[in-house]
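The first chain written gets the first letter, and so on, giving A, B, C and D; residue counts start at 1 in each chain.
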């Protein structure tokens, strides 16, 4: 396994990591989660990603049960949660979502209970909250750090300007700024990592823990011949992915990428994942496999990384045509 | 129910809320309090207001008992207390009142015990304390925030200058300033909300949790024909309200307001409450009903809110003649 | 009882207070201490002064036992301790005395245990420590405040320059500076209160809790005819007082003061104590009586205070000739 | 015993101290450790030095057992640990070594457990970590100080520039900077103490707790006739010392130093240790004896200190020829 520093911090994350999103509780049972986390851990994965909203709290409870059973040394892995959406779904009341100091504080306490741990390594703001001053968010995260409940804090799907403003308040108030962002990043979603965040990478420093590195499975090639019933795209709640992703155009590109993979004698999945982590601004790509063999295949992408020569990447760019154009000035 | 952000903060309060002042322990028993809080909560009220001095601590104890029984999720409501007057009445010793760091700290510990909770969402300074530097107050509240015992702090009946000075110290010392003020506000008391605090609303931001929106019941019209025995005005300790409020002049105005209400086909109570919350600078108006039907009627004011057209408001102003004159410069 | 704000803070101390110095454990047993503290408390005394070094910790233990028995509300009195000399006497090892962060922290923990309380209201640096940077002292006291173990901190027998330097560091680092000084003050020791500290009173603010208001009993007149065996001056460890205080010159002055007292028809003790608290820069004068009647007489000094006219004070000054000369510029 | 302030701080360390490095668990059993620590403590040694990596945590466990048995007053000694290398040796995973906030925090918690104490007096960064911003290190140490888990923090084998940068961040952020450095210092290793750190000594202040004052035993003269089997140099893991130290050149110098010792009628060990602590920038020299008589002889070096006249030191310099040349500007 390769490990990378999370931005400017001293924290090291395995370049491939494992998240409970979509799969825990919704698709897999505790014993499968146990098997998958065992495979991940044994292969050097040290970052396990969560959020209060995943399966409305059930994902964290499942991961908490698995970790309690494993009895791995707490120092050997990095545990995260995220605050914003709440875990009560349609029963969410005001202050049970968002980034008020009340919800940030209460969400942290609740996540610690569900995960059966006394501190989170990383606590993410799952989305920006336009209704809460970023200064309040910075204060709230720092209070949790001072109280020993979290070690680092980050953002997810925040704009570069919002992240920069958080650092502005942190520097002015002598507090600790956000160290990491969790954006979507894959061959079809490149704007933030490859363009928007560049100034952040070069100034305050920013780690990235990217989600959906396979574009919800699209980049595995498995939808080339239709949507299988057990796949993520067929599960309730992800119908939105259909419209957005399954356009003919994207499927055509995926088929062309398959040709590149075939030439390299690797799977399209491995090619796609290797491409994501070939970007040095990516700290880790979060995997969400539901089966052991699938997870092991994903982890194999590390071996494909050396094959991504300048020529291969150029060929890929010419197929997907998603490379962001940088501003002239 | 409508929810509003408390000033610039991320905390959301129901625009109508419920307080233990006057009523708890003095007028109602625990089982009535239980019924009333149930009605409030079921109607979306999420802010329950208290103070150490209300019924000399007994109000908080009663609310603590009710909340312990209800077992509502602690994250689903916002709980406050206030420090200043102490809860021992004439037995108050030095340092058992006021805003010294000693009393602020000890009053917080005592309120947490009475309310049977581990943190307050909002802790108010119930009055300004001319004998304590505002810097000491800011420090004391921030120490409680750092220790996880309170989440936000505010003031009650402070002047605009005092609130601004608190922010001055907070900004200079890199601490958290007061987020909310609890002033009296109703058709007969408009100076602070409509004039004095305007600059605060526009600069540092300030939520308001207004008390006595019905001018101690005067604006319900129930005193138009004399003071009933069970009413608040007849209860020991509120004689001061008689002189101040029950002047003939005010009663005349109340009767004219009744005509406006009649024209709109709504109750005077609903008109008066709707008028209070029609001011966007009001975060919430605190209700203090003693009977279920009364509380339900009060909560109905939300439905009257859309009827308050510019014309209606102008007519009301011409009757009460209490609109503050803004300074020319 | 009269109460005064401790300098600029909100804390109020009774103008006459009670300390365990010299008397507790050395001269009186727990049951006498219990009686004396009861008299003091019943007469409105709310400040009980201690130090780790008094009777090498035994004074604090005795006061802790008395307070545990009394079950007075913890908010009704102000409890202090002091750090510097340690409590092991000749067995003191390095770091068991002085103002290092180690000793300040450990001395606080130990005082809390001896006094059977969870926080001190005031924690004094019993002397300046020339070997420790004042910045380290300021930090250490602030860490204890942040941890909820003390509420205010002060100094004892520090020079005005040292106190000012402590405020310099506090202001630069955004910390809380010392709020109170405990100097000796009586008709024979006036330099600090009446001259050195004037600038502090006028700028950063400074309360004073003065010790030895009766100059170790000299100003009671009881040594006019020799030293009684049970008196403080005859007790082991206070021989130093003999040389310094019992000069013929001072005894002559005391006899002349007795004439002033006789003219006013008050005791010399009351005149001397009233003179001390007639200075508005004195927050409180600490009493150390060993007998009930003695303490009650001391407390009676409050009634003598109104007799101290400008003329009486001028006569006193002309007798003692100890009034400091202020610098010309 | 002589005690010295640790740099500018108020903490006093015995000029000769005792460490668990190399010896605890590897060379000696708990009962021998108990005997040695008893001798040290009875002779006035008050600083006991540890690190997570010493015997991979076993040294700290042994010292924790000894201290638990001794029941010395916790305030009578100074306990340290160090974070950087981890304690799992080749099993160390990412984040189980280095100076990330995660490892600093977790290493502190683990050291407290092994040493059976609730706070460390000093927590050292055992090495600089080029991959972690020094700002993160400063923050992490200050968070532990604020949480009451450590009292002072320091560095070991950091460059002068790195230490100065730590103070830069501490001053900018209003935090507490590193107070002490633990470098190697002996007659053969003089560059840092006698040249590199001079500016630090003169500005921010810096204590030093030097290790290997006898150059791993070389300066005892015991290797003059070959390496004995039970010596440190023969123990597994210290082979690197052989190449570096046992050059013919050094042995020649050691033999010439033996002549100086003979002239003074003292042992070479005592001469070498006395020379180390004759430098006033040295706060303490850490001893690592394995036998009682050896430790007692080492502690005797204090008596040799007065013999180190200017002439003797000049003679020593002319033999070792290791005195650093200071920069001209």
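Everything that follows uses one rule, which is that a residue touches a chain if its C-beta (ideal position, glycine included) is under 8 Å from a C-beta of that chain, and two chains touch if they have at least 3 such contacts.
All of these numbers come straight from a predicted model, not from anything done at the bench.
Trainee: Over the chains that touch one another, what is the least number of steps taking chain B to chain D?
Mentor: The distance in steps between these two chains is 2.
Trainee: Let me spell it out: compute each chain's centre from its C-alpha atoms, then which one is farthest from chain D's centre?
Mentor: It is B whose centre lies farthest from that of chain D.
Trainee: Give a one-word verdict, same or different, on whether chain C and chain D use largely identical residue numbers at their interface, taking over half shared as same.
Mentor: different
Trainee: Using mean CA coordinates as chain centres, what's the chain A-chain B distance in Å?
Mentor: 44
Trainee: How far is the middle of chain A from the middle of chain C, if each middle is the mean of its Cα atoms, in Å?
Mentor: 62
Trainee: At least two partner chains per residue is the criterion; list those residues in chain C.
Mentor: Correct list: 146, 174.
Trainee: So how do the chains connect up here, line, ring, star, complete, or something else (other)?
Mentor: Its topology is that of a ring.
Trainee: Quick one: which bits of chain C touch chain B in the complex? Just the residue numbers, please.
Mentor: That would be residues 3, 5, 8-12, 14, 46, 73-76, 78, 121, 145-146, 148, 151-152, 174, 176, 205 of chain C.
Trainee: Once bound in the complex, which stretches of chain D touch chain A?
Mentor: Checking each residue of chain D against chain A gives 93-96, 98-103, 105-106, 110, 129, 131-133, 136-137, 139, 143, 146-147, 172-174.
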